[in-house]
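This report concerns only the one structure given below.
Chain naming follows the written order as A, B and C, and within any one chain the residues start at number 1.
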Amino acid sequence: MSKLLVNEKDVVVPGEVVAEGMEFLPSFGTYRVKEDIIASRLGIVNIDQKVIRIVPLSGKYMPREDDVVIGKVFDINFAGWMTDINCAYHSLLGLKEATSSFIEKGDDLTKYYAIGDYVIAKISLVTSQKSINLTTKGPGLRKIVGGRIVNIHPMKVPRVIGKKGSMVEMIKEATNCNIVVGQNGLVWIDGEPEKMIIAEKIIRKIDEDAHIEGLTEKIKQMLEKEIKVK
Amino acid sequence: MADLKQGIIKLLEKNTRFDERKADSYRKVEIIYDISKNAEGSAKVKIGDTEVLAGVKMEMIKPYPDTPDEGTISVNVELTPMANPNFESGPPGIEAIEIARVVDRGIRESKCIDFKKLCVEEGEKVWVVNIDIVPINDAGNLFDAAALAAIAAVKDAKFPEVVDDKIDYKHKTNKSLPVTKTPVEVTVLKIGKFYVVDPTLEEQSVLDARLSVATTEDGKFAALQKGGDMELTLEEVEQMLDLAAEKSKELRKFLK
Amino acid sequence: MVTKEYKRKDRTLEETRPITAKAGIIKNADGSGYFKIGNTEAYAAVYGPRNLYPRFMQNPSTGILRVNYAMMPFSGSGDRVRPGPNRRAKEISMVIEKAFMPVLDLKEFPNAVVDIFIELPQTDAGTRCAGICAASIALADAGLPMKDMVTAISFGVVNGTVVVDLDYSEESYEGEVVDMPMAILPNSGNISLLQADGIFTKENFKKILELAKKTSQKIFEVQKQALKDKYKSSGKEE
């Protein structure tokens, strides 16, 4: 007899048996041993018909093609700008991918991006050895000037963005700040200093409480309170 | 980096910071004593998210020839990669060494511990108070947290029993260490033209200069250490000294 | 030869000392765990997967695991423990690393490293086991894919009597003592670390194996709760 041993939205740990029986199918974050389906990640149970998967609560960013990320230039060589995108692998923003203008031989590359600059870029390629190529040719992709970079868990990014961007738009409107959320957990905030502090506070709160019920309502209330106080 | 510093200075112009503190405010300070039963004395200090453990282990050695009736202290700091991924495994680097020596000077030069009362047999045996400091999480201001943990551990410490000239570590006496003064270390940062205490890692990364000051309860200074690449005017040094003295009174309240 | 049967004062022969565990207590780390059993206390911090230097250590087919175990200088019941690499700590680091290899699949992270740092502020025997229990919480907290958690406990034989969770007084007991640290995977009951020193019979070993899965389950429950507690809704209003 197939039996589900946990409820939807339960937090489970690796090694925990989440279901018994062949009716259920193991998906991301679970695996099957004989008749049991066992969790292999710390996360929240999600059940869709008979498919069980785990939504992870933590974990480093794993680079995916087409993700828009925020990176920091840490080296410049003949191939382009080496960028740190907060994962185990370095990425290269190649000469041809950085700008549509023609780069002359012997040009000073730092006039495009200097070491220490933050960029909003898109991942154009991830090889099997996890070599990563970035591009800043595209809408919204650019060097970041001003503002502040805040780190959150990559797993919480969807909550900070919200359905169709609803959460981040709400924060942008209330604080009048420019906000860009990188899929790799780096968030850029720019605006009036006091409003930036509020935006950061809200975003950190979502990072902490992403898994809690009724978060959207709580955040709305928190925003209203903070804006009033200031 | 210019952006971060500008951002911090813009907020300091309104006497606030990214975590909404005033420039001269400490994060929440907490001291817990006796966190390691095997140590002769120990303490855990939390300043915000910075967490540091310190422990005292007593040892008997032959005194130095020029101070035959005095014991001494030895301070060691282990900056493990556990607390901050930028720390490297291995023997103490210059960062760990600086913190250890600054903490040492604060305790030694203030005459916090009466070294003469650490003498067991003149010329033959004296006590060494070994103070080891290990951060668990570095969220900025290790200097002050380390110094506070060290002095808390010293105050918590008791002499171990000595049986037949050998230390019996399993049994503690009721006798505390001969503590006569309580030095408290406060580090003041200069960022732009503003003075900041209890910096976060971000604030530390943009400092122009810093001054660590050890103050005793009678308002006297015992040790100084300037860091950072920028110079300080005489006036600035005096202002930072005064701020440190004021803040040390606050921190001292947390000690028992 | 009749040896006096060993009896415990504060607990039964099969009981562990009281256990406390926490997750996520080191904010800078990607994952962290705390495990206290009796007076033995261990912190574990996990960083990774992350860049691995020196480059010659990189493995293009899989990420590697690196464990660094250390006792704090004031943690021991005798002299101060001189900081720095020592042979005992190196061996313990290595066997702890091996204890996690069966459950960690690092093929997703070629050329990268997962670093585990274990520090003990207080020790009363069973240190490598406490370290493993803390590290397991830290690895799960860091979101790494794990087939199972890893639990560990020191079994012992004191004057012919099998005991669970050997403490320091038992480790240094006058008489015949066997110290047997063991790491057990709670789901399968399989063993990923096994060491022993002291003379023991097959009979006693079998008794220990019978106790292994049961003890492992108890520890697993504590580790599980520590991780779940971190994500418990506080229910408090802002």
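Note that in this section contacts are C-beta pairs under 8 Å (C-beta built on N, C-alpha and C of every residue); 3 or more make two chains touch, one makes a residue touch a chain.
What you see is a predicted model, and the numbers here were worked out from it, not measured in a lab.
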- Query: What chains touch subunit A and also subunit C?
  - Reply: B
- Query: B-C versus A-B: which has more C-beta pairs touching?
  - Reply: B-C
- Note on the structure: So the chain most remote from subunit A by C-alpha centre is B
- So what's the Cα centroid distance for subunit B and subunit C, whole Å? 32
- Item | subunit A and subunit B, separation of their C-alpha mean positions in angstrom | 38
- Name the residues of subunit C that each touch 2 or more other chains. 50
- Shared interface positions of subunit B, touching two or more other chains: none
- Multi-chain contacts in subunit A: which residues touch at least two other chains? none
- Report the residues of subunit A in contact with subunit C in the complex, numbered from low to high. 11, 13-17, 29, 31, 33, 38, 40-43, 56-60, 62, 87-90, 128-130, 155, 205, 209, 211-213, 218, 221-222, 225
- Task: Please name which positions on subunit A make contact with subunit B in the complex.
- Result: 116, 145-148, 193-194, 196-197, 200-201
- Which part of subunit C faces subunit A closely enough to touch in the complex? 30-31, 48-51, 60, 63, 103, 108-113, 140-149, 185-188, 220, 223-224, 227-228, 231, 233, 238
- Query: For subunit B, which residues count as touching subunit C in their complex?
  - Reply: 35-39, 42, 49, 51, 53-57, 59, 76, 78, 80-85, 89, 91, 130, 132, 134, 136-139, 169-170
- Message: With touch defined as at the start, can you tell me which subunit B residues reach subunit A in the complex?
- Response: 1, 3-4, 6-7, 10-11, 14, 16, 18, 20
